[in-house]
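Take a look at these structures.
You will see chain A twice below: alongside chain B first, and alongside chain C after that.
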Partner chain A sequence: MNVIEVQNLRKEFNSYTSRPGLAGAFRDLFTRNYKIHAAVDNISLTVKQGEMVGYIGENGAGKSTTIKMLTGILTPTSGSIMVNGMNPHKQREEFVRTIGVVFGQRSQLWWDIAVQESFRLLKKVYRVSDEDYNHHMGHVIETLEIGPLLDKPVRKLSLGQRMRCELAAALVHNPPLLFLDEPTIGLDVLVKLKIRKFLQEINEQYKTTILLTTHDLTDIEALCERVVLLDEGKIIYDGRLDQLQEHAVEGKQIEFEFLSEVSRSSLPRVENIQWEQKDATTWLGYINGDEQMVSRLISDVVQKNPIKNVRINEVSTEEIVRKIYEEGMALT
Partner chain B sequence: MSMYLEMIRVRFLMMLAYRTNYYSGILIYSINIGAYYFLWSAIYGGKEEIQGLSVAQMTTYVAVAWMARAFYYNNIDREIAAEIKDGKVAIEMIRPYNYLGMKTMQALGEGIFRLLFFSVPGMIIVTLIFPVRFDASVTTWLFFFISLVFSFIVNTHINLLTGIMTFFLFNNTGLIRAKRVVIDLFSGLLLPISFYPEWAQTVMSYLPFQAISYVPSMIFTEGFVGQEIYHALLTQIVWVIILLIPIRLLWSLAKKHLIVQGG
Partner chain C sequence: MFYLSLFFQYASQYLKTRLTYRVDMVIEILSDLLSQGVNLIFILIVFRHTAFLGGWNRDEIIFIYGFFLVPYAIFSSFFNIWDFNERYIVKGEMDRILTRPVHSLFQIILERIELESLFGAITGLLVMGYAMANLELTFVWYDILIFILMVIGGALIYAGIFISIATIGFWSDSRTDIMPMMYNISNYGRYPINIYNKVIQFVLTWILPFAFVGVYPASYFLNREEWYGYAFFTPVMGLLFFGIAILLWNAGVKRYRGAGN
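Moving on to the complex of A and B:
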């Protein structure tokens, strides 16, 4: 079953540019230079139930705009959206009962009152029965370890504590679909791990579909099998994360650390291998070729030179994404 | 329905979260009433009555007007403006409720809180110091409370309108401030409407502001009697209904227009 179905979605913003100088400012009083800018440009996307999808792109690529349209906050300029079988903007009140949203940059808890009061209000707003609430939220509160924070006002919480409470607040009504817009922004590693583990758990337990945007690609690596890459409002890749890695990686890099100084001449001279000296005792070998090359190269090198350490460096997703954006790598 | 009651409760908690505000509020209201009492005593001088109101009635008028203000006054216009400006309204749009309805409930929570914990203690202090008369009959009290509810609704309508204007103006601090002065002046809070020149009274009778403060205060001080009370209440009801129209229109326009700033 498709939870999200988006066809040719487009959102344009009207923005004006200011003319330079005082004379320009006066002219701006009467006529303005308007410019139409498409933040989201004809994207089509389907997400199945239970999927965890990473939605990534640079700042201003249109991620948040897409999420805002999917959640019914913004109206699309054109295109069709069906989420949970409904049109988010037309059937707003009915629709929002079926989703949970976390905006990492924005708090949705009430600032001056205790966390549990916010939860209580949300429980009433979403008409959750006491029984469901106690069962479900008891579990959420326990897993996120926010029990001791419940009677504190939100303004006294640290960022990590607050984010965990935000996540719990988005799940009060146990929605089948969860939108997370940069949920781990500014959090330390421990909190991040806790949140990831929790997301995996609810995904397994309730088959919750999760759409996640983040700048921290380790989040995506840990959680998502599928990624959607966005650039200037267009989808440039939609598919499995490991395939993205395979596509993007041209060979491997092996780092040799020798016990003593080694010159270029004592390293094997093979086609498809490029050597690069890092420092006096360390060399990097770039292999362009099949998998077998790796073991052959290592055995060749080790036979001749005593080594301290060998490391095979995988190219990180971060590097792949950087490459894609900087070099405009072609993807299919 | 229970979620709206819950919202009122949450607002109570929020008001209680800032105790200093609460205590200073009582003080400020008492000082205001005192200042107007002395001002009016000076204006009356030796005169028995001006424009049909005696000194005692005038003092009561001032005290009641401020007590009523504690109930109908709220800052939801400023809150809406702030929520629009920092993009918090986006979060309100993903909640399964009517945003304006929820804001009205918050205003009501604030109003009830102030009425119980500001006005009542404030009035007790005021009656101890100034010659204010609270010996009105039960029916007068009843009519007063009915008209107080309407003045709350009219004022809240105007606040919602001002707040929604932020969608179109993006920064409407000036408008909010102007609205506040206009309401204080034209609602009869600072000066009973009957004190204005004829032409100004005619203009004001076509504006919704007198439904906010003048009507409940006049009912309480028995400046309105018999038929006049019903007429005044009817004017209030008419304004409650009329103001709904621009709110509806602007709100549906605003929703289409919604650009979440800073997003």
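Moving on to the complex of A and C:
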């Protein structure tokens, strides 16, 4: 079953550029230079029930705009959206009852009142019965370890404590679909791990579908099998995370630190290896090919040049994504 | 029904938080009282120099002011949307509102209630009582129902105008100074309309109908039969302006473009 079905989705924003100088300002009063800018440019996407999808892109790539259209906050310029079988902005009030939303940079909770009072208000807003609430939230509160925080006002919580409460608040009505926009921004590693573990649990237990955007790609590595990469409003990759790793950078990177300065000519010339100099005594070798190449290369290099240190680096997702954006690597 | 119970939930939550800041609340009520006192003194001073203002005597004008305070108190308790643009559009709080299954305007009303402003209604009733005693007015039982209807009508007119102005924020994200100006204009409604020039009379009746919050409905209770037609039009104007405001609001929400992260 498809939870999210999006076809040729597009969102345009009108912006105007101002002319320079005072004379320009006067001209702006009468005629403005309008520019249409597509923040989201013909996106098509389907997400099945129970999937955890990582939605990645640079700032301004259109991540937030997409999420805001999927949650019914923004009206699309064109294209069709079906989420949980409904049209988000047309059936907004009915629709939002079936989703949970966490915006990492914006609080869902009331600043001045105790956390549990916030939960009670939300329980009322979402019309959750006492029975459902006690059964479901008891579990959520326990797993997120926020029991001791419940009677404190939100303004007295630390960021990590607040974020866990935000997550719980988004789950008061036990939604089958969860949107998380930067849920781990600014959090320390321990809290991050706790949140990840919790997300995995609700995904397994309730088959909750989760769409996640984050700048921290380790979140995505830990949680998502599938990633969608966005650049300038277009989807440039949609598929499995491990395939992205294979496609983008095959093989490994070996870092040689030599005792003295070494020139390119003294390094072995092999077809499948690319060399890159890091500093005077350090070279990076990128290997395209099988595992055996690694040991062969190391023995070749070590025989000719005295070395201080050798390190084999696995290429991280972060690096892959950086490479994709910097070099515009074509992916299909 | 759901909306009503939601309202009580929010209101009780509001009282709970307010009671923890008691000093704050007392100061707010006192400052309201002070501004009402200043307005009354202004009326008294004017009538030291003249016995009539456009055919109305001192106690009648005091009565109009007292009446005006009641719908105004209801408006300012429940429709605190003068900073809607700053708070909800520029800061992006509207995003949060729109992810919840309750009408967006109703949520904002709930979040911004300021129940202590209701004390203004008590002041208003006292002022009216004082003027009524001086004028030796009598009233019959159904006047109470008419009073309630007029007050609701007046509050809806206020709400309608201010909501409509707040919706400008959906179309333009620049700051406007219309709100304070509107608060100034709204004060004209509490003086007899016939002391103004024709253009202002027209504006206060049909375009920014603040006259329906003060002088028109009050004239019914003052037995000024020449104004009865306008007086009974008060609830109609209230529904009309509030209806327009809701339509504008719903159209505006579709235009909402959100704040960037």
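One rule holds for everything that comes next: the second predicted complex is superposed on the first by the 282 of 332 C-alpha atoms of A that agree within 3 Å, B and C clash if a C-alpha of one lies under 4 Å from a C-alpha of the other, contacts with A are read in each partner's own complex, and residues count from 1 in each chain.
The working rule: a residue touches a chain if its C-beta (ideal position, glycine included) is under 8 Å from a C-beta of that chain, and two chains touch if they have at least 3 such contacts.
None of the values given here were measured: they were computed from a predicted structure.
Steric overlap between chain B and chain C is present once the structures are superposed on chain A. In the superposed model, A:236 lies in contact with neither chain B nor chain C. When the two complexes are overlaid on their common chain A, residue A:113 makes contact with chain B and with chain C alike.
Of the two partner chains, neither chain B nor chain C is touched by A:82.
In the superposed pair of complexes, A:284 makes contact with neither chain B nor chain C. Shared contact residues on chain A (touching chain B in one structure, chain C in the other): 13, 64-65, 68, 71-75, 92-94, 96-97, 99, 101, 103, 106, 108, 110, 112-113, 117, 120-121, 124-127. Within the complex formed with chain A, the chain C residues making contact are 2, 5-6, 9-10, 13, 16-17, 92-96, 98-103, 254-258, 260-261. Considering their complex, residues 13, 64-65, 68, 71-75, 89, 92-94, 96-97, 99, 101, 103, 105-108, 110, 112-113, 117, 120-121, 124-127, 181-182 of chain A touch chain C. Listing the residues of chain A that touch chain B in their complex gives 13, 64-65, 68, 71-75, 92-94, 96-97, 99, 101, 103, 106, 108, 110, 112-114, 117-118, 120-121, 124-127, 153.
Residues 2-3, 6-7, 10, 13-14, 17-18, 87-88, 90-91, 93-98, 256, 258-260, 263 of chain B are the ones touching chain A in the complex.
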